[in-house]
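The structure's right below; bear with me while I get my questions together.
Naming follows writing order (A, B, C and D), and every chain is counted from residue 1.
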């Protein structure tokens, strides 16, 4: 009789203690894997349906990329409540590492993902170790400053980053170089990255680290009383989040084959977008960022295609408004609202 | 040192000129139920926070299961088995009651369902089993107190420190918590309680120490201590002829 | 030697600009405990307000302050009442909301002006006072004078008027302030209003110096953060002295080191202060703690 | 000039006939041109101005029979960064099956957008992006008709060596120059090339200063230049930093014998900031303006009239006339090649040998093997009494004279 049967046992016998009431079901990592597999299947079908339409594929690739990046941000930003505006830096580190290794030593981007991830995590830990003592807005201000310093350094150190001119990666088609003429392979890689980040986020959320991160987010004193080394937990969450963000940066660099400071370190296009998507989807929930990306990215490019030409800035005007409205009225985002409705429905029914 | 779970040796803590805890020493054997009483500002909470590691002592030592933990930070002490509750209960409101307990259970268990099972067991022990599935934010005040105790128990703590766990509860709730504490102590758990409600201390019928102006002025059974002139004086002020 | 003296003057004048811009930000955080990420955009709106009143009413910018500053005050009250008050105990959502306002204001102005680089005319801004080798533009001098007046005024207001004491009580502990009969919500609205008005004043005084663009707020907000964190969040003198320190650092780094790196340098100083002494030089002890305790 | 267009029209008409006959593409189907520029964001004004040049050119070419006998339809593709450039080309190529692409006020966008266009084997004709590596990377479908950063740098150096040196009464070897530039790819690439050519000519470059165009204060950059005491102060940048440098220089009493701005500084925005007297004598190297002499730029007056007629105001910036000319060269190239396929168009590039002073901007048309038009040069204007007067090269200046340089 394995574990799951116990839960289904009649009330009397369940629970490890004698006379314990039945334990409510706790979503496990295994159940999440099932859901992620279903999501993966759904996207695979979408890819198959639109395999010959590059415009949709390009949109999907970009949506999956930002869903994955927002999911990665959510690990420390949502679960751990550390409002970071500096993830654009880890994104840039991933992009520059891969671009450099590919440009100067023809290292396959698949291999350079690993150094990119490691470097991003090291920088993340090195930078957030001193600033994690700070709370809420102070941490956000420090990460905003970090992004600005990174921009200046990326522009200044010409030999490493190609400076303001940036790096134009040569077009050498081939799987090894992660360079393709058609959009389909890129979309497949991006959906792969999305699934990986969802699996990692699920593993974190449905495990000790996830509960510890949430405890740290809600009340650091309570967390310490429960034996949690708050600093270590925050750093671990940040390292994982930065590593994934670094992968995203590397894939973005190969997708665009061009890396320069304004493109990878732009606050409004990259840094803020991660949390905008997470908020609108549902901060702190596992699938919130995915939902947010599925809504925001297509909406944004639709607005740009239709309104962008007519009134300059109208698309960002609408996104800014959305951010304020969601912060006021839908704090738990769309996913949170759906979850709330589902619980009320289930609560009313049982 | 033989057989003491927790011993406090010449513990002192100064805040600038003020000596909040002044050279306090006492020992706790396994299975003891010790109540710490004293008028407001006697240094009870400061002494409690010195044991839990909120701030380091100015002098003296805290020995736990034979090891000197004076320098350890709060989370390290919790890991060693020192569970504590907060006077203003710190409940993780958006998590469910079960998940709150699981945060404690995860200390010794890495597997999700094991932690959940043990958390359920602990919730049953404190009588919150039926409320496991709801969001902790909706619990009543006394239920939140019980949840704090459950979270500490989930750490498999060998010593439980209760900080005014009765504060703000009505009479019926106080009695049910007293039964809970006595039940847990009966099962071998060493408990140290800060309390200023003398009825509760009498109900515990267990050892009492009294602090006044940071000094330990009495240590013994409730009847003996409560009739001690110093204690009466500390509480009611000097009796003028 | 002349160059050195010149750089010191440049640093002080620049410090005046930074001080004025961050005064409002500091006031808002000190009392309302909210870091207003959209403060730079309020300065930008002040600048465009000065341009509009010059363009439509022919007012000289320094006169247009009488129109622009009250408008910004009203805008500040509206923002506090309808956007930030509901988020009083949600520091996480406050950052989202103020960031949303930042994007909203910036792109609203862009949509209206299509990004044309307007400039504001003022006879005063043409006058240059030169003493020996040192030349000082009058409009920057006016900014410096204003920031000194505003700092002294704010300090007098907070310490010697009854209403000022009420605001300081709210700063220390809202709950007890409420018990003392202070309408805390009203205090917040008025304080945010004054904070926005100060931003408007900064915008008006800076309009003659800079070419207007919807994004110019972003240039100021980063400097303002560095100033308030260095000077100490919540203290009037913090913003005042913090501004001069950052101004001098930028002027010296720019001249003696290299103009390219000057932004990076005062950011590194900024991060160092955040780590070593988060409360800042003059800030309330542990401002970063005090700031964030849930004070219902 | 006339000979060419008649032959092109005949070829075009023939093409149209055979297209029509099989009843496939109907005669009135338009030739769709995707225009990629920033139409939103901070540079919306300039992106829109470049597109106006395309619209005017489309009108002109349509009157002369259009491209391949089909009337031209302009489809705007908004892109403020590289990823939006990709999305815009994808949308226009697949949704609206654009036949060719033209554009780009931003070099970073041009790079990404042109590579995406290559995936669809569509021509990407650039009229305004300046980065040198765009043509050096040898993309088969990328052709640039407009000047690039090297030509801007060259004209600024020619101005100094061939005109200012004499006016200042100094040999090149005695001249001293300070090069200031904003730190992005635009400013850096121009400044580097300027330094090379100046030092090759023996001119002493006293120093190179870089700054961010978003700076709140540029006094340090001005003081560094002033203390070096150069004869000529050269600045390459955008409008915000240009205006701030001019204001600070006036405040700090920095009056070099000649000030040369490259790229920006010739629009109303700078005039509004400094006032006519504040700008007196400032030289700006920028795209040729409609006021250039008819001899240097035949039809430039007609362009100005067409612009005023269509938009009811004077051109906001000279970039539009360069875009106008670039579009016309593209049209004639496609008509000459008989197809919009990149290889076909690239094939006929060699046959172009139109001398300077062929088009309204004074451009000629002669492409090197990087498919870069070598006969596309900016001109130099001088602010005189609040007006932008073309003063260099001499034949573009006509009878305009340079004022108060060096006296």
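Odds and ends about this structure:
To be clear about the criterion, contacts are C-beta pairs under 8 Å (C-beta built on N, C-alpha and C of every residue); 3 or more make two chains touch, one makes a residue touch a chain.
Per UniProt, the chains are B = ABC transporter ATP-binding protein; C = Branched-chain amino acid ABC transporter permease; D = Leucine-binding protein domain-containing protein.
For clarity, every value in this text was computed on a predicted model and none was experimentally measured.
Where touching is counted per the definition, chain A and chain B have no chain in common.
For the pairs C-D and A-C, the count of C-beta pairs in contact is higher at A-C.
Ranked by distance of CA centroids from chain D, the top chain is B. Work out the mean CA point of chain C and of chain D, and you get 40 Å between them. Chain A and chain C, compared by their mean Cα positions, are separated by 33 Å.
Centre-to-centre, using mean CA coordinates, chain B is 78 Å away from chain D. Spacing of chain B relative to chain C, judged by their CA centroids, is 48 angstrom. Contact of a single residue of chain D with at least two other chains is seen at positions 40-41, 44, 183.
Looking at chain A, one finds that residues 155, 311-314, 316 touch two or more other chains.
Among all residues of chain B, none touch two or more other chains. Annotation, chain-chain contacts: A-B, A-C, A-D, C-D (touch as defined at the top). Considering their complex, residues 53-55, 58-59, 62, 155, 163-166, 168, 170-171, 181-183, 256-258, 260, 262-263, 266, 269, 301, 304-305, 308-309, 311-316 of chain A touch chain D. On the chain A side of its complex with chain B, the touching residues are 3, 6, 15-17, 19-21, 23-24, 26, 28-29, 206-208, 211-212, 214-215, 218-219, 221-230.
Those residues of chain C whose C-beta lies close enough to touch chain A in the complex are 34-35, 83, 86-87, 90-97, 99-108, 110-111, 114-115, 214, 222, 225-226, 229, 260-261, 263-264, 267-268, 270-271, 274-275, 278, 288-289, 291-292. Chain contact summary for the complex, chain C toward chain D: residues 3, 6-7, 10, 14, 17, 110, 114-119, 121, 128, 130, 135-137, 209-211, 213-216, 218-220, 223, 250-251, 254-255, 258-260, 262-263.
Those residues of chain D lying in contact with chain C across their complex are 40-45, 48, 183, 209-212, 214-221, 223-224, 227, 239-240, 243-244, 247, 250-253, 269, 272-273, 275.
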